[in-house]
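See the structures that follow.
Next, two complexes with subunit A in common: one pairs it with subunit B, the other with subunit C.
Up next, the complex of A and B:
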């Protein structure tokens, strides 16, 4: 099994080639069809609905009595004029950048450690999956307790370490510490998947390459820099894209722990969109926000793909 | 061969037909009730009610679903828009105008007129259920808030009586905020200013003779930026900002956090609802050590009356039946049974005179404040203001020191007016 997905394959597909492939692999596509139908019903159809709603004035307070009406780009214009949107986009950018880099960094470090195959590494590589396996909402509630100013174990541990000033510090009551507190939770929840995937990729690199490098006198750092990382390039690219998408549209952890507070200080786009939909009941505006989020994520993904493909040929 | 097939066909059609007739007689009334603090008691009361109702209505079934408060409004909204609303439901009073404005609720005025008991319904909750002069809900139960305090700690400090003035309250809160184990850190707080829970700080505006919003001829207008409102919020926030009687983290505390602090013995006073009385009486650490008092006020007594109304949805296909169910639910028998189960007050004024409410040393404190009961502005936009956490954001900005009371109330009033659709010209 080749665990590496070729980034280039994700990108290259021109229309005629697609039809040729379709004819050639008729049976294969027939097997994929049921899955495609399900995807169509649960993803494509709702997505189209969101796009359509985003061009409407669709206010839940009015929709039963007055219905909805098309208002062109108004929702988009209003969003771009709204300082809260830009504030929210800024926070989301910090949040995503921090989550992705820390997740990939931690995942890579753990994978490299586990790849040393020390005694007990197999047990450990299963154990690190635990945070990822736990339901996100449940573990977020758990973390909220860890951060609790009065009863939290974090402050207790800090006071044991002699950091007396922190013994009643309210982690979630300050905008920046609340943001970082949630970032840590997201990283904690998502690094196992990255680590396990990278470990699988690491183990597929043949030992001979390393041995040859060793004979040539390459230091461990050089082996990492010039053998391991280049060979992990593709999988790292895919993982970065996936993480970016996940973290950009984060909602549950932030909702459980801060609800976008204090005073709007952790209002990431996911929560901003939810607020428009279910607090202000502006479904049209919320849909437009969702479309904007989709476009932003797609743009970032395309940039990544370009970056990772460059120099590969 | 043919014979057998005919018999089969006949049997099949009989089965189908009986199935159909049974279905026709079997009407199911869908009722959504919010989850309570006493699930067993609540379920027992509804089991009894449903038994009595189905006995009188042959072939009718009642299906009661218990809806968690968290996310309930979203559940209602999506089910209404999706055409899946129940026949009857309990609605939090502040949501009633929203759903009425949506056109989702049945005007209950004609039903109440025929019923003839309209005058007995709790006025504050009738206000919350009224939208454009029509009644879209029946006050089912009501609740307000009082101060719970540690009378053993009061005694230890030599404080004889619970203060009735604000200055007295501040003084007591300061005396009860202390370092009890001598490690140089405060471990007992007087009172917490909860930044994520508006029912404690908003009524302070009424208690200072102010209003939250008023209905003008140009529509609803925010008045939280008036001097009375600002002064009230300033005095309340000063408990946190100036006197330090409130935990640092209380910026993000809600009523559950302060309740926890009271239960674990780290806080002397909380403002909270009546169902805590039986809960605290069952708690061996608290049962002899707590008492209840009216909330101190600045200029005039006032208390926020929350609670729930019963509403009927326009989508219901069994309106007569649904109303008959409501009538039974509103009888004194089930009103008192429900009050017993959930420790709130009945929605009928005549029942508030019951000795259960006027003689009980704890409940009587709550009952006494019911007469000064107020509700939040009853308009369809209020729910948006609450859900968008406009007022919480205002309080948190004040507590975090990011804004003065003046700046924060100006900003919040601006946001509220946008949501109300109010403009000066």
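Up next, the complex of A and C:
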């Protein structure tokens, strides 16, 4: 028979000795632990393993015959000396910065537009979800078709606008344009989430504030600048950090559309790491790259947690 | 309402608004329309110097060939299988965990919640290298089990946070009454709380399904036999096999998008309260 546990007892727990706490809160832990254990095993173990492997010479082909051996910081030293790594870091920075600023900018503009609640805004608010709904690989394939040099609709539309010399331009075959072509696809898929979130935040701002400002003679621009944006500051901060992490992680669109090419022009860190691991089979080196990525993401995540916890209080 | 009245008096402003709205609408919808249009076109109407927006002659031939000449239906079944199993496991684990986090205060609660939140931030590339080695040691490479094990890492966190939001919204008095009536906590959970939260559970389950349905990187890395490919990997492999048959590829992409589209529209009304409020706190 299960003993009668009162809800109030469970909520009022300080933190004494570990076992006492465990026993006292066993019902709570019984609910929470299965999920934590599953995620913990599948996440914590690999994270430890990736750190260990990063200090090893671990070649996927040699490991069965020769095994792996500790080589200290060599992987890291080699990475820091490798111009390809610095190039990749640079590409990743441009990619992430461009994606985040364009996504937030477009998302904010569209949220403000929808917030005007003009007749028909509901149709538009559903329509903008379409890019978000589309699986990343499907949209990458679709945009590859749109960008096609000979029969792509983009070049045709540009020629209608009078940009004649673009009529057979292969957007994904030049390292200068390929990066921006992929950035546009990523922004196209991520602005809806930002717009929907910001719209929800905008609609929670009480209309009285605006009316008071209007009576005081504030112009629409002043109302945006001095009421709306300051009130959105927290959520904009959180969204910027989240987008930074998401875009830093982006992989699928890049892989399907360019595989990091042409000539490394879209070689973001994710693809650089993956190639080291699964194309060149240098697991040790790739693990060190993964640890570097992990450190970069952790730094951004710390900022996120700070913002998040501020919102919680 | 005040806003609309203001706009209605100002015709140039209204025109400007509709111009902007039209641009946003086209940018959002046109690529999808173009995918649909290409998938319903004959090849001779596709590769023309002036693109034809609407197929002069509608055909389902591309869909038929995508199914008959390729392994598309195989990929589809593989994806359904993987996504369904992951969703089921995810719903069970996250419903318990979310309830625990929502209702109890215990040492480690805050840490647990933050831990789950942080997992969402991990790039897949970081964990995929050691996971690959583990899968290889356990002989799980080229086996759907490798995906079933690794997908919960990104579906669970979202589900836990979403469901916690739903549980938070249910007044505590409900269980307290049940407990006074002599229910155990477990039976209060199963008989009182779960039935009320079913819409929330369905919504988070659908998010898990869409996440697993879309996943590409793990599947591409862990699977190498055509027979086992899931939809995204299978579709991407179309590029390597033949000269690119855009009509067929668009038909396959439409087919790949539709389940995601249908499910997404089902849970659309939970967007604001679930994903947004749960994962971000507006």
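For the reader, a short list of remarks on this structure follows.
Everything that follows uses one rule, which is that the second predicted complex is superposed on the first by the 263 of 313 C-alpha atoms of A that agree within 3 Å, B and C clash if a C-alpha of one lies under 4 Å from a C-alpha of the other, contacts with A are read in each partner's own complex, and residues count from 1 in each chain.
Everything below uses one rule, namely that a residue touches a chain if its C-beta (ideal position, glycine included) is under 8 Å from a C-beta of that chain, and two chains touch if they have at least 3 such contacts.
Note that the structure is a prediction, hence the values are computed from the model and not measured.
By the touch criterion defined above, A:184 lies against neither subunit B nor subunit C after alignment on the C-alpha atoms of chain A. Counting residues of subunit A touched by each partner, subunit B versus subunit C, the larger count belongs to C.
In the superposition on chain A, A:262 makes contact with subunit B only, not with subunit C. Contact with subunit C, but none with subunit B, is seen for A:290 once the two complexes are overlaid on the shared chain.
In the superposition on chain A, A:278 makes contact with both subunit B and subunit C. Once the two complexes are laid over each other on the shared chain, residue contacts for A:94 go to neither subunit B nor subunit C. When the two complexes are overlaid on their common chain A, residue A:169 makes contact with subunit B while staying clear of subunit C.
Note: residues 148, 150-151, 278 of subunit A belong to the subunit B contact set and to the subunit C contact set alike, using the contact criterion stated above. Contacts from subunit B toward subunit A in the complex involve residues 73-74, 77, 80-81, 98, 101-104, 185, 195-196, 247-252, 260-261, 264, 266, 380, 384, 387-389, 392-393, 396-397, 400, 402, 419.
The part of subunit A that touches subunit C in the complex is made up of residues 2, 4-7, 10-13, 15, 21, 25, 27-32, 34-36, 38-39, 42-43, 45-47, 49-50, 53, 110, 113, 115-121, 123-124, 126-139, 141-143, 145-146, 148, 150-151, 153, 156, 188, 192, 196-197, 200-201, 204, 207, 211, 235, 238-239, 242, 245, 248-249, 251-252, 255-256, 269-270, 273-274, 277-278, 283, 286-287, 290-291, 293-294, 297, 300-301, 304-305, 308, 311-312. Against subunit B, in their complex, subunit A makes its touches with residues 60-65, 148-151, 164, 167-170, 172-174, 258-264, 275, 278-281. Listed in rising order, the residues of subunit C touching subunit A in the complex are 1-4, 7, 14, 17-18, 20-21, 24-25, 27-29, 31-32, 34-35, 38, 46-48, 50-51, 93-94, 96-97, 99-101, 103-107, 109, 112, 114-119, 121-134, 149-150, 152-153, 156-157, 160, 172, 175-176, 179, 184-186, 189, 213-214, 216-217, 220-221, 231-232, 235-236, 246, 249-250, 253, 256-257, 260-261, 264-265, 268, 271-272, 276, 280-282.
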